[in-house]
Every structure is written in structure tokens, then in C-alpha cells.
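Pasting a structure below so you can have a look.
We call the chains A, B, C and D, going by the order they appear; numbering starts again at 1 in every chain.
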Amino acid sequence: MSFGSFLQFLIDTLSLGSLYALMALGMVIVYGILRLVNFAYGEYIMVAGYTLFLLSQSPVPWLIMALLSVLAAVGASYLTERVAFRPVREQTVTAMLITSFAVSTLYQNAALLFISPRAKLVPLPDIFSKSIVFAGLVVPLRNILAIIVTFALLGFFALLLKRTIIGIALRAAADKFTMTRMLGIPANLVIGAAFAIHGLLAGVVALFWFGRIGSVTPGIGLAPLLVAFIATVIGGMRSLLGAVVGGYVLALINVAFNNLLTQNFLEYRDAFTFSLVILILLLRPEGLVRAR
Amino acid sequence: MISPADGHTPLTALVVQGITMDFVGLRALENVNLTLRQGEILGLIGPNGSGKTTMINVITGLLRPTAGRIQADGADITGKPPHKIAQTGVARTFQKVKLFRELTVFENVKVAAVSVGMPNRRAKEQAWVALEELGIEAWSGRIAGTLPYGHERKVEVARALAMNPKFILLDEPAAGMDEEESAALLQILTPIPEKKNLGMLIVDHDMNLIMRLCNRLHVLNYGKTIGEGTPEEVRRIPEVVEAYLGS
Amino acid sequence: MKDKPASTATRSHIITLLILLLPLIIIAAVTKLIGNVLFERVVITLFINLILVLGLQAFMGNSGILSFAHIGFMGIGAYASVLFSMAPQMKKLALPDLPLWLGHLQLPFLPSILIGAIIAALIAAVVSFPLMRLSDASAVITSFALLVVIHTILVHWKTVTNGPQTLFGVDRYTHLETSMCWAFIFIALAYWFKESSIGLQLRASRDEREAASTIGVNIILVRWQGFILSAFMAGLGGGLWAHFITSFSPKAFWLKETFVILSMLVIGGPNSVSGAVVGALLVTGAFEGLRGLENQINIAQILPVQLIGLTEIVLSLTMIVILIKRPLGIMGGREFR
Amino acid sequence: MLALDNIHVNYGAIVALRGVSLNVRENELVALIGANGAGKSTALSTIAGVLKPAGGTIIFQGESIAGLAPEKIIRRGIAMIPETREIFSGLTVMENLLLGGYIRKDTVEFKRDLERMIDLFPILGERLNQAADTLSGGEQQQLAIARALMSHPKLLMLDEPSLGLAPTLVNHVFKLVARLHAEGMTILLVEQNVNQTLKICDRVYLLKMGQVAAQGLPENLREHVDVESVYLGDRIDAQ
């Protein structure tokens, strides 16, 4: 492998992995506290996408649109918790899972009904279509941006979880929920915060996801949802660090498959990666990084 | 009193040898030896956290011991999965009642007979016998989740009996019962070991029940054996008194 | 005294089955009398849905584990059965790359559909055994992964499935009478399984896993047996559906279908056969009714836009309300008696 | 200060408390004793809001607190140290203490409180930045108590603080409880170590099968009740 192609490989993996890592992190934050694998997670990306689309006619600058669409994802996530998950919280894990599947269907069909089944273009800033030439490689600027933003966000969340009282409370609640309440930390505050972060990460991922594909459809959430599933399973469903690791590992596998597999096999890539998920859950149910 | 000599031949036993159970940073059982003979009632007692329930979990295969061996009726059952151990004739109840909530009382008991390999017809008969033994046949059609508490306990004992076990381990069968209920339970339990030729191990906090019911006692503290013998012998052992009342 | 409860039990089983079968007979008879082709299609769809829901109930209802893979096995049953039933001339057109022996083969409908279901069951038997020790979120994610794997293979294995394109030229086998008969058989089968000693052990493991294992239930084994039966039922449902709809693509065996079948079971109540039947009846009725309404509105152009997705919205809202207010579904886990 | 009147609690179908009435006055150390399964822990959990009473009233400082959520109870000034301690294992000692002071939200005071805890539990001071699950059993118990004290409770409830500790540590825990009491803390203590408990408490309630079987001053209780029979059963030969 030449230096150039290695660099290409590295940047591809890092930029893709950054999105995957953010997705997985958002998934695990909720899973850690409620044991809920939220099927509606992908729909928050869709909500952010349609918000961008709806704002595309308005004169506001793109950054404001981006901010509003991330907020819309946060709102959708928080609302879902409030309306659908809170009433079934005391029930079985399966009941919560089915609820989230129903919520996912609800969001998708609401988009079909109220917006359109057809793909809608999402406004993107100029910077997303620019590329830089670096060591003989043409690298899309949005890939670099994705890496930078992800690292900044991961740093921010690391600080939040480590240094702020609400972050510490979140980690404590994932460990012993009732005890956190006995110390005076309201259950709804912790869960609400978890869902807000859940939505926030989906919203940020959405910006770069649409940066890659350019348009939004009602079913757009499925692919990122699958990514979050696999990455969390690879990394370990109970560990925040594991989720991030899982995201990058999954990107590594995907980019490697893209480079190594012939077209015939590449078609079955999903089958391979999902078989891998099954295998990991069987052989190493805690994932690569164990929860402490 | 049943002494080994006048018991039923051949005499079999559940033998626990040198069992040690470690959890992360905690030794729950340390080198415990214990024998439960068919036909006898053995009380396993000790203060909170002394390792009694852990012992039952180890014997029934829910926990795999760090060291030691367990034999039931001559067969080595150490480290076997719970259902295999059940099928060799070891039955149990739980401290916190674990009935199959959506099943009827009859189904709760019948499924135990079915699971240890009895054909359907025999399983049904066995279930009726066990229900009658506990005096709860009138409740057979009720959904288990809707039963009052005292009856839940009895269903659990009937379920264990329906397996036609050689050994039955009861984890706090009288917990949460008032004096009357617990006396009634005593009436039911006392004759069973001799009648069914099975060994019965009882963990309970109701010392009056334990002292009256058991032929022998085995006392644990901090996971170690601190005394063994008849009830009267045991309550004269200073370590036992201290374990219960403090120094 | 000891025999009496047993015989009353048998009688109550028969009563339950009769209560479940009667409305279906009435529906079929009325359909025959009306003779409306469109209505007949709805009723056949109802019977096939019922078969699929019963298949899901056999595993999910008794074991308490949510399985997404079910519709995947429906897909396997659909494609596999068609490979055996399609006429060789048709295969040359629809699936030109089939291996020769398969290309020349043609079996009658019944054996084709049965073989399709058996293939689904065999695949389930092989892939699912190690998965049966997982519970809760892990079980759901693996079954979801299984659905993705099956779907990916159906979409890309062009030789036998025609890839993502529609597979056409399937002959019609499933009519009103056939689908009704199969629905009857499946109600009896699901009911028998639930009451069988395996079903009983499986239900015990659903309510209390630890207690079940300590009375001698081999949980992995009984779950596995339930899963295989469920895959067989789904595969057969798939075969019947394929020979009713006569042209289809892998898209039919994906999340939308999963949602519809799951919603029937959740709304009716997963823990009983009666729940599955009630759910299938109500949801199919509501679904087809709403679909019809949607179409009427769209054709009449009452609204300035096309109305799409309303049916699913109503369905998912109903499902959420049921999960909140009545987690065991309309039947609450009970059978009619 | 705290008064329970005719409290009933059901655990599913289990009746765990059958009409318990008790009270704790300001600056008192009141002990709840009784055999395992008598309902002592249930009583504490009910006061702390983890369990909801099926009947009866709980009055704390003149206000009814029965059925309030746990996060509300602690704000009224009742802190509880559960039997299982419930240390947040992945968090550091410092973070555990920080959450203990969550309801106070005052950084200046937090520093002062922290210093006081380190003074009271020197070993915790040495391990502030260590993950809590690396502590020994005795150290974890100290952390649990320190964490509860961080909220400045008006009433401190301890559930079997000596459970699972080696004998020397048991003495240490009792000394500590006695010291807190001497400093003016109101304490409701559940213990199975009867002899030590009766030495340090002001008043005692004996629970039996979910009911108060006896109450009074420790010395009176010893005189009038055969405590030993509660724990070790009646002598068979005495019957």
C-alpha cells in the first residue's frame, strides 16, 4: 500500500468512523440508563433533515438552519421520551422496544403524509462541496470537518460527563438508578438529559450525513440506525467509550470491505457486517470494551 | 428422629464437599461441607449475608462454585446446568417467590413434572397429588399472578414436590407469613420428608419454625461453618449466639 | 375426582377452538355469498395475515422474546415454494439463470409450499440455536440482524430471487377455501403447541427464567423448538401469500410487513392464540378499511395532496396506546372460553 | 420529628408491614431490631420513598411525606444508607461525594463539607480520585455514610451498616454512629448486632413479622423481652 492510498484509507475511515461513533454514543447514552435500544433513533436524523429542507426557502444563514435542525432533533427525541417511553418505562424491556418500533413507524409515515414520499433536497453550505488537495489526494472538506467536529464533540461530552454534576449524575444513574434518586437527583431530569443528548448527537450526525447524500426521504433513518446498532454491539452496549471505539472499528471494516471485496461480494456487505454482529453478541456479549 | 440406620435403604444423600464461592472482591462461601440425607430435615441458618441463599444457588446450578464438589445420590452435579441438576432430583423454592405468573396454579405445578421428563398423564396425576399435599387443589384453576401471598408460597412448594425430587431445598418458605400461617406451613412440611423419602433443607429466619422442624442444623457466618448439630446443641455454641446477637 | 378436571380441560379447549373458528367460517360464508372479488381478496389477506400472526405468536407469545426474523422466514418460504411450483417454461423467463435441475423441476402446489416451509424451518434451525440463550435487547438486535441478513441475500441473490426486481409468473393456488382451511389448521396448531408440554415449558420460561431452569426446563432447547415451529409457520404463510399475490419482490419481506404483523399481535395480545386471532381480525379490518378510505380520498382528489401513510399512523398510534394502557393486549393473555 | 402511624406495606402480594407505628424525636438515636424478614429494611425504604405505603401516615417535621418520590424525601432532610450501600462503582470517591451533596448546590460549602468528611474518614481523603469499586468493603461503607452526610440530613437512616464487615470494622462503625449521635445527629438505625446496638441507642423498637412487638429504653427491653428468643427461637425444652 502506498503512502497516498494509506492516507486515503485513513481519512475515509476517520471521517466515516466519526459519524458512526457519534451515532453509537447517542444510542448507548439512552441504553445505559433505560436498557432501551431505540428504533426511532434514525428518525431524529430524518427530522433534522426535513427541518433543513423546510428552512431552505428562508433567508437565514446556513449555520442558523443547522442549529435549528439540530434543535428539532433534540425536540423530537425529548418529545418521544415524554409521550411514549415514559408511560411504558416500568414495563418490560420488550414493551419499550416495541414502543420504539411503533414510534419509528409513526415518524416515517407522518413524513410521508405531511411532506412527501419523494426525496427532498437539503440545503448545504458551499464549504461542503469544496475539496482540498493534500499530499496528492483530493479530500472533500466536509470529511475533514466531520473529523474535527466529532473530536470537538467527543471532547465536549467527555468533559461534560467527567466535570459537570449532571454528567456525573448521568453516569451514576446508568449504574444505580434508584440510588441517584435517593440522593435527590430527579429521575426525569436524568432521563430527559439522556434523551436530549441522544437527539443532539443524531442532529449533528444528520448535518454530515446529508452532507454526503444531499437529500432527505422518510426512510432515511434506517441506514444510520443500523450503523448505530452494529457499532454499539461491537463496542459494548454498556460503555460510552466502547460506543466510540465501535464506531471507528465499524468504519474500518466497511472501508476495508469497500477496498478488498469484489463487486459480487460487496453487494452482500450488509449480510457480512450483520453476521458479525450476531457473532460478537454470541462470543463476546459485552463487546470490545467492558462496562466498569 | 430419623437416624441413618432406620432410614430407607439404600440410603442416599446430597453431599457438598469443600465448596468455596468467590464474587468480585467477596468470598461468599469458604470451604463449606454439608450433607443432606434422604428422610431428614436440615436447617441451614445464619445471620443476614452469611451465604445461605448462595449455597442453595450453588447446589441448584444457578452459580458455579469456585472450588469444591457436589454430589446428589452418588452423581457428580458440580457445574452442571440447572435443568440437568433438577432432573437428577434436586428441587428448590425461592426466597422471593417465583411463580409463572401467567400460568394457572395447576399448570405451574404440572410443568415441573413435565420438565423432569414425566409423560403428560403422569405429570397431571403428580400435579394433583402435590396440590392436595399442600391443600390448595381448590385454587388449581386460578392464574398464579392473582393469588394471595400465602398461597403463592404453597404453590411453589407444590411445584417443587411435583418433580418427585430426592432433595428439596426451601429458601425461606415462611418469609412474610404471620405466626398462624407459619404454624400451618409447619404442619404441612413436617411429615413430607419421611413420607416421600426425600431430604429437605430449609433456610429460614423464623427460628421457632426452624427449631421445631429440623432434625439437624448447620450454621453459617461470613460464608463459613460455625456450628452443626441438633437445635439444642447449636444454640449453646457461643459463636452462634454471638453471630446472631453481636458481641 | 382426579379425572374430572382433565376432561373439563379438554372440553374447554374445544370450546375455545370453536369460538375462534366460528367467526372465520361466517366471514368466509358471507364473502362467498357476496361474491365481490375485491372483498374476497381482503378476506384472503385476512386469513394469510392470521397465519403469519399465529406463527409469530408461537414463538414470541410463548417465549416472551421479540423476534424480527419472522418476516425473513416468510420471505424464504415464499421464494422457496415458488422455485418448486413454477412451470419450467415460466422459470426460463422469470429466472433464466437457475441451475438446470431446478429449472426443469415442477411440483404440485401443496408439496411446493410445504417444502418452502420446511426450508425456512431448516434454515431457522441451523442459524438460531446459538441465539436462543440471548434475551431482551441482545435477542432483539440479533433477530433484527438476522432479518437484515436474510433480506440482503434475497435482494442480491439474483439467480433464484430475480434480485430486487419483481418475481413474476407465479401461479395462483391460494383461494378463499384454501386460505380458510390453512387458517383453521394454524389456529389448531398454534393452540396445540401452546398447550403442549414444550409450549408449557416455554411459557414457564417466559414468566420466570431462573425458576424454570431449576424445575428442569432446558430453556435453550424449548426456545429453539418454538423458533423452528414459528419459522415453519411463517414459511408456510409466505408460500401461501406468494401463490395468492403471484408477483412480488424482496421489499415485501421487510420492516413494513414486520410492523403490520407485529402490530396485530401486540394489539390482540401476544400471550394467547385468541389474542392473535382478535388482533389479525381487527387490524386487517382497520387496515383495509383505512387503505380504502385513503384511496377514495386520493381518487376523488378531495385533498390537494396525495394521502399516504395515514393507515400506518393510525396503527402505530393504536399500538402505542395499547402498550401504555393494556400491555398484554386486548385479550390480556387469556383465551376465549 | 418523624412519626409513622399504622403503616402498611405490601410487596406485591406479600404483606411486609402490618400497621407499624413509631416515632423518632430530635437528636435521638432510635434503633429498629428484629430477626431478618421482620420488616426493618422495608420500614426504612418506605420512609425514604422507595416503597409506597398501602396505608397509614408518615409525618416528618409536621408534614406528611408518605408516598413522595425519593428525590423529594431527601430534600425534606431524610438521607438513607441502604443495606447494599449502592456505591456508584464506576465513579471516583470524589464524584460519589459530589453527588451526595447534589441537593445543596453550593461550591463553597461543598469544599468545607468535603474537608469535614476527610477529617471524619481519613482513608477517603487518601483515595479521592480512585474509582469507588477499588475500595474495600469497610471503605465502601465509610463512603456510603460520608455520601449521605454530604446532604446535611436532619435525619440519617442506616440499614445494617455493620453487615458483612470484619469484627474490628464492626466496632469502628458503631463508634462512628455513636459519635455522629453525640454531635447531635438524629439517627434511625437498623441493625442485627443487637448487643452493640442496645449499648448506643436511646430507644429501641423490636419488629416481629411486620409489627412492633416491643418498644422502650434498651435496658427495659432487655429486662422484659427475651431478645435471644427472637433471634434464636424459643427453647424447645421450655415449651
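Just so we're on the same page, contacts are C-beta pairs under 8 Å (C-beta built on N, C-alpha and C of every residue); 3 or more make two chains touch, one makes a residue touch a chain.
Since the model is a prediction, treat every value here as computed from it, not as a measurement.
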Using the touch rule from the top, work out which pair, A-D or B-C, shares more C-beta pairs. B-C
Just grab the chain with the largest centre-to-centre distance to subunit B, centres being mean Cα coordinates. A
CA centre of subunit B versus CA centre of subunit C: separation in Å? 44
Here the gap between subunit C and subunit D, centre to centre from mean Cα coordinates and rounded to Å, is 55
Just give me the whole-number Å value for how far the CA centre of subunit A lies from that of subunit B. 50
For subunit D, give me the residues that contact two or more of the other chains. 133
Do you know which subunit B residues sit against two or more other chains? none
Viewed as a graph of touching chains, is the assembly arranged as a line, ring, star, complete set, or other? ring
Using the contact rule from the top, write out all pairs of chains that touch. A-C, A-D, B-C, B-D
In the complex, the residues of subunit A that touch subunit C are 31, 35-37, 84, 87-88, 91-95, 97-99, 101-103, 105-106, 108-113, 117, 218, 222, 226, 229, 233, 237, 267-268, 270-271, 274-275, 277-278, 281-282, 285
In the complex, subunit D touches subunit A at residues 48-50, 69-71, 73-75, 79-80, 82, 86, 88-91, 95-96, 98-100, 102-103, 131, 133, 147, 151
Going by the contact rule at the top, pick out the subunit B residues touching subunit C in the complex. 60-62, 81-83, 85-87, 91-92, 94, 98-103, 106-108, 110-112, 114-117, 120, 123-125, 128, 140, 159-160, 163
What part of subunit B is in contact with subunit D in the complex they form? 25-26, 47-49, 97, 147-149, 152, 172, 175-179, 205-212, 222, 231-232, 235, 240-241, 244-247
Subunit C residues touching subunit B - in the complex, by the definition given at the top: 2, 5-6, 197, 200-201, 203-204, 206-208, 210-219, 271, 333
